[in-house]
Structures are given as structure tokens and as C-alpha cells.
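Single-structure report; data block below.
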Amino acid sequence: MSTVHVRNVKKSYSDLTVIEDLSFDIHDGEFMVFVGPSGCGKSTLLRMIAGLESFQGGEVAIGERVVNGVPARDRNIAMVFQDYALYPHMTIRDNMSFGLKMRKTPTAEIERRVAAAAEILQIGHLLDRKPRALSGGQRQRVAMGRAIVREPDVFLFDEPLSNLDAKLRVEVRTEIKRLHARLGATMIYVTHDQVEAMTMADRIVVLKGGAVEQIGTPQELYREPRTRFVAGFIGSPGMNFAPARIEGDVATLVTGDRVPVRRLSSGTRAVQGEIGIRPEHVQLADPHGPGVETLVDVVEPLGADTLVAVRLGEAQLMVRLPGEIIPAEGDRLRLSFTPGATMAFDAQGLRI
Amino acid sequence: MPPRSPGQQAMSARWMILPAVVMTLAMVIFPLGFAIYLSLGGNGTLPALGLGHYSRLMADPAFWSALRVTLVLFAVALVLQLVLGTALALALNRYNVVRGLVRTAILSPFMLPPVVVGMIAIVVLDPGLGAANWILESLGLPHFLWLASPRWSLLVVALIDTWQWTPFVALIVLGGLQALPARVYEAAEIDGAKGWSLFWHVTLPLLGPTLLTAAVLRSVDLLRFFDIIYITTQGGPGNATTTLNIQAYKLGFDFMDVGYASSVMIVLALIVLGSVVFFASLRKKVSW
Amino acid sequence: MSDTPRSRWSTPVFTIGALLFMSPILWMALSSLKSPQEVTAYPPKLLFTPTAANYAELFGRTDFLHNTFNSFVVAGASTLLGLVIAIPAAFAISWHRMVWPATVSLFARMAPGTLFLLPWFIMFSKLGMAGGYTALILAHAVITMPLALWILLPYLDATPREIVESGQIDGCRSGTILIRLVLPMIYPGIVVATIMSFVFSWNYFLFALALSGFDTKTAIVASFNFIGEGTTNWGALMAAATVIALPPLVLTFTVQRWLVSGLSFGAVKG
């Protein structure tokens, strides 16, 4: 178990900047998730911590030890790869023992750890098989088992669920969480799936274009996104945006509707920007209260809820309505926003 | 292992190429430089460094004869092998018979040492006692001098090489044929193309890159032609089959004219390089 | 494709064609079993009593056994040397996606052998290595090393990078990764590279012709000398040819399935 510190780390290939000046700390025993769209640098960041990839500036420390220049083999980390990277010519037992053998761990100790990990993951009956005889889900477990036996300072996961089918993915997600609770180890997990990030993480680092957009707990990212990107990325569906002129605590939409917004900072100067509202914070308006007129575009009944895409002037909003309300295409809906849930963003996409 | 973002790997395995680099420097790069040095009169082959060997070359009828022999052999054998190889590949592809004895027949010739092929040619093509003339005789045809004919020996050498390497060309073309998109054929059939016109307008253009690959591989070998000639005719009769490579070897090892021999070899190396560059420049034109 | 009606006669036709095509090779083997009178008989005899006399003469009255041994030494050692150099180099080239080594080795493959021959001859003479095994083995490694490299690269390129990375995390240095993780995965490629290197080295004539000494003469060079000895003994010559042809043919057929697809693969990749 260990802390991890990333300080002013930079990386670029020739003239392409991949990671620009990143700093953050991961606490001991924390489950940290790096999330972002493909190409945001999340895997590169993980691989830099692993010692698989070099970088140009700054430092990475595991515990108190700065590991710049320390090869992966000497970092005492374990990694679960996207394609599992099991050694095809070795049995499952040998796959799990290999890292310990390379570190000259006594045989009895290796056997004890392999048996213990196999027990936790329920793969005891597979130990003498080769990887090709295993299903995708079983291989995934072996890959985790190989990491567990190492008892590393830090566990690294590089999109480990992306090769599993949807149902299995949910199961293994729970299992990894349980494993984290049981081992109490520091874990860093990379994914492009915000649902995985929200359900598993203690804290999340949202990355975009090689830079940190925001770091926080899932609740913080959901409730107080600091940028338009985070607001749109987190949540399913993500936050809706509509262009507006924001003046004080009131936003004027293109349609002329005036909506109260909850601002982070008080400002009186009028700003051309956008308002943001989550689908679940929109409801049918009280006939006598305030509301905006919208036109129904597409209706997706999901059972418990109904997702409705509506048009508000030029802007398109996704709205989550109770399952029993199923409007028809072309209907006019009068909608209101939950008080205090409407946010404001400036033209640069920063929350104001 | 190539894909992955264009990153810098933390683990360096560059040192592992070192033995190969040392080997290449010692056995290829240094000798190449030394050969150039020799051709310029180094090591005492000329009183002073210069182009003396090359100007002697330009005035030497033996060199021009060897150049002509090399290019004729190259052109005749290359065309024969490409045409016959493509025809064989089309037949093999159509009837899907590449197994058992047919596969053995295709692989055997080019796996044989050329020296063995030469030895077989000596026995089979002997003008007096060889099986080839006996076959001609049985068919009511006159005897032929084969490799002893000053006029035809070069063509006979080209035919021997064609026997050995046509199956190889066929294998390469067959691979190309089997990689052609089936959809294109369906589309062409719908458009009404079949038989010869299908081959001429669809198959052949699509085979361009494959034929080019075969042409490069064969050209490099044909321009450097040595083994079979050295075994059978030693360049004769007269100098009817003396290629540049044979001439250079004789100059260097029989007459010990090291500097002059090197200049012939350098010219030959440039010709080989030129042919590869020429074919490489065609690649863009024929690729699809 | 409507090839079903034709397949009835296509197989026999192609089989007969294959036999005719291979008749020179069969002729070689048959001639080697004829007595000295029969082998030069005209018209040639198709029916005869086979005799091992030519082989007895070849191995009993000449040094051909020793020459064959030399061929095995040179081909075996140059194959080993080529592989030992090419395997790590191919790993490094593939891992770092280097481009220049391919160009250099392509040049080495294309250059006429005679170009290196005179410099080598002078080099080895100065070093006192002329005529010895070492010089021959080094010269033949110039053939085997790039060949093994070209054969191995596609196999290495097909090995997942994550295996190598997993090896690093598991505590291996690059050498250990190559030997314990990558080599077992590219085992088929190593077999093919070994066989092809051996065959090419075995078949190569020019270097041994110029560089071998009296004691290190290979079978191919020795049999060439038989031709030169005035009255050519065709029976013994064909026996020698058969002996020389045997290892490449046998080895080739152990990997023939791969060869047919592998050569096509290389061509398509162009």
C-alpha cells in the first residue's frame, strides 16, 4: 500500500503534447479513476506511473520514493492489461507465479499466495490450464489474480473490462470494488466509461487533451462540475446546454425565456455563455408556475423513466420524465427547471 | 509488435541490435568501402587513386559483351518467368490442385542448390549422350548443341533458370490472386466481363503490385547470375555466357586483377541498385 | 466457381505435369544408381539394375564424406550464428519500430556476392583466417542473418506489446523477456528461420568456391571440382548431386505447408 504523487509531469512526442503539466496526489488505499475520451492521455498517464513509458518533465513518486528513471520491474506495482496479456505458453499457475519467481520469492510462499488469490477469485480449478482454454471472463480473473499475488504497493488497471460483454462487465465491476474493500490497496483505474468511473471510484481525475479538467469524488463531479466538459461527460445522459445571456443570477435564453441560475461567483457584468441543466432536473411545469415552451422531438420510453428529446428554440434538451408520462412526437411540453440546479458557463466552457 | 501510440518506450532493447550492427559493419559495410577503394586503384592496383579502372572498363570490349550478356539473360528470363509463372498460377488457382505431388513439384526446383541444377544440365543436355537429344531424336527432330552452342547457349541458360524459378513466381502470384477481393469479380461478372477480358481488364491490373514484387526478387538474382553458368559453361563457348558476375569473378580470382575486377563488380552493383529503384518507382503506378 | 466438372481430370493432368516437370530431378536420382557403362549408354536406358557403386566410389575413393561434413559444419554454424545475431536484433527492431535496419539488410541481400568476395579474401588472408572454417562461417552468416531477420520480423510484429509490458511489470529485464516470454511465443517462426537459413547456406556456392581451403571444401565445391577433372564420371557426379540435393529437399518438405502460405504472405505484403 502506498501513496502516489504526480508532480508537474509533461510528455510530448516530437511536436505533439500528450500530457501537459499534470499534478495530483493519490492517497494511501484510495481507488482513483482516470476517465476521459480516447486520446485524452489517461492510459499514457497510467503507463508513466507504471514505468512503461518515459516522460520529459516533472516527477512521479510512489510512497516517498521518486521513481523517475526506475524501470517498471523495480517499482513494485502490478498491472491488469486491457487484453490481459497472459503468457500463452504458461499454465495459469505459472502465469500467476511468474512475477514472484522473477523476484526470487521462496517456492512455499509463492504456492501460498497463488492458492490464496485463486481462492478469492474462485479460479482454483483452472490453475493447470493454459490461457487459451479459458473464457474471456476467466482470463480477466487470472489477470487480476496475477496482480493480487504480487501484493504490490499500487494496483494499476488499464481498461480491464472493455473486452467483456455488458452483463459480465457489471459483475466484474462489483467484484473489483469488493476486492478493493478487502485488500485496502491503492488502486488506479483507467476507463473511458463514465459509469464505471462513477460507480467504482473514491475520486476521479477527468482528463481532456492531456490536461486535468477536474479532480473530485463522483458526487463532487456530478454536483459541482467546474467545466462544461465535465458537466457533459459525467451523467447519463450528460448535462444539457443552451446558449444564454447571463446577467447576475438570471439567464436570458435565445427564446426570450428568463431562467434563474445558481452561480459560483457573484458577477454583475453581462456574459454571453450557456446554461446547463441535467435531464433529471427538468420536469413538467406547474400550470401556474414559471416554465419554458418546448417541442417534443424523440421519445425513448425506458420503463422506469422516459427520456424525451425536446427542442427549446435552437437548443436540444434531453429530459428525464417519470415512466408513466409518454408524450408523442410533435407535442408541446411546458417544462420547468429544479431550483438551484441550473448552472452557468462562460464562452470558454468554464463554470461561472 | 508495432501498434500503440508513437510513444517512447521506457524499456530500451536497442542494445540487442548491436551484434547485428557489428556484423554488418565488419562483413558488409567495410568490405563495400574496401571494394570501392580497390576499384579506384587502392591497395596498389593503380599507381595513384583515380578512375583508371573505370576508363579501362569503358574501352574494354569484353566488358560490353558481358554487359550485353547480363542484360539479355535478365530480360529473356524475367519475361519468360513472369508470363509462365502467371499462367501457372492462374491454372493452379482455378483447379485448386496445390497439394501432394503438385506442391512437391512446385517447391522442389527452387529449393535445389543451383549447382545441382547445373550438374543435372550437364548430364541431361550433353550433345552426344544426353537424354534431351535422345528425346529430340525420338520425336524425329535433329540433335541440338544445347550449352555448347555459341549461338543458343545463353538462351539455354535462361531456360534452365526458368525451369528452376517459374514455380516460385507462380507461388507469389498465386498468393496475390487469392488475396484479390472476390467482390470485384462479382461486380465484373455482373458488368459482363469474362474469360480473356476479365483477365486483361480486372485480374492483371489488380495483380500489378504482386507481379512487381516477383519482378524485383527475380531481377536481383538474374542480374547477379553466376552458379549455373560457372558450373556448366564457365562463360563459354567463347564468352557467349560470360555475365558481368562471371567476368568479375574470373578477373579477380583467375587473373588476380583485383582492382579492375572490383570496378566491374561496382558497376554490377549499381545496375542491380538501379533496377530496384526502377521497380520501386513503378510501385506507385501499379498499386491500387 | 464451376470447377466441379473439371476436377475429375484436373488432378491427374496436374499430377502427370508435376512428374514431367520433376523428371530432371528423377533423372538425377536414377542416374546415380546406374553402373558406369549404363549411365553413358546411348540411347539412355530406362530399365537397369540399380547399383550403389557410384556412392561407394564417391565416399570410398574421394574425400566427399569429409566435404559433406564440412557442408554441415558451415551451414549449421552459420545458421546458428545468424539466428543468435538476428533474434535479438529482430526483437529490438520490432519493439522500437526501427526502419533503417530493414534498408541496410535489404542492401546486403541485393548486393552481388562477388562484391564482398575480394575484400573478404584480402581481409581473411591478412588475418590468417583464409581457408579456415571461421571465414566461411562468417561469410555464410551474411546470408543467414538477414534472412532470419526477415522471416522473424512478422512473427515478432504479431506478438502483443502487452506481453512484453507485462513482463516488465513482472520484474524482467529485456533479455529475460525475450528468452522466457517472447521466444516461446514465436517458436514456429524460429523453426522456419532455422530451416530456411540452413537450406540457403547449404546451397550457397560462390563464397565457398573462393574462400574454402583444401580441408574445409564443402560438398558443393568438391562436386564442382569433379566436373573439372577431364573425364567426367557421370554416375559419381549424379550421386554427389543427389547427396547435396537431399538435405534441402527433406528440410523443405518439413515446412512446406508454411512455405506455400508464407511466401504468398510475403508477396502480398510486398
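Letters A, B and C mark the chains in the order given here, with residues in each chain numbered from 1 onward.
FYI, contacts are C-beta pairs under 8 Å (C-beta built on N, C-alpha and C of every residue); 3 or more make two chains touch, one makes a residue touch a chain.
In this text, all values refer to a predicted model and were calculated from it rather than measured experimentally.
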Longest centre-to-centre distance from chain C, chain (CA-based): A
Chain pair whose interface holds the most contacting C-beta pairs: B-C
CA centroid of chain A to CA centroid of chain C, Å: 56
Chain A and chain B: spacing of chain centres that average the CA atoms, whole Å: 59
Separation of mean Cα positions, chain C and chain B [Å, integer]: 17
Touching two or more other chains - residue numbers and ranges from chain B: 9-11
Chain C: positions in contact with at least two other chains: 160, 168
Numbers and ranges of chain A residues touching at least 2 other chains: 47, 51-52, 71-72
Complex interface listing, chain A residues touching chain B: 13, 18, 44, 47, 51-54, 71-72
Chain A-touching residues of chain B, taken from the complex the two chains share: 5-11
Complex contacts: residues of chain B adjacent to chain C: 1-4, 9-17, 19-20, 23-24, 27-28, 30-32, 34-35, 38, 43, 91, 94-98, 100-109, 111-117, 119-120, 122-124, 128-129, 131, 134, 137, 163, 168, 171-176, 178-179, 209-210, 212-214, 220, 223-224, 226-227, 230-231, 245, 248-249, 252-253, 258, 261-262, 265-266, 268-269, 272-273, 276, 283
Complex contact set, residues of chain A against chain C: 47, 50-52, 71-74, 77-79, 81-85, 87-89, 98-99, 102-103, 146
Residues of chain C defined as touching chain B within the complex: 1, 3, 6-7, 10-11, 14-15, 17-19, 21-22, 24-25, 27-28, 31, 40-44, 84-86, 88-89, 91-98, 101, 104-105, 107-123, 138-139, 141-142, 145, 149, 156-157, 159-161, 164, 168, 174-175, 178, 199, 202-203, 205-206, 209-210, 220, 223-224, 227, 232, 234, 237-238, 240-241, 244-245, 248-249, 252-253, 256, 259-261, 263-268, 270
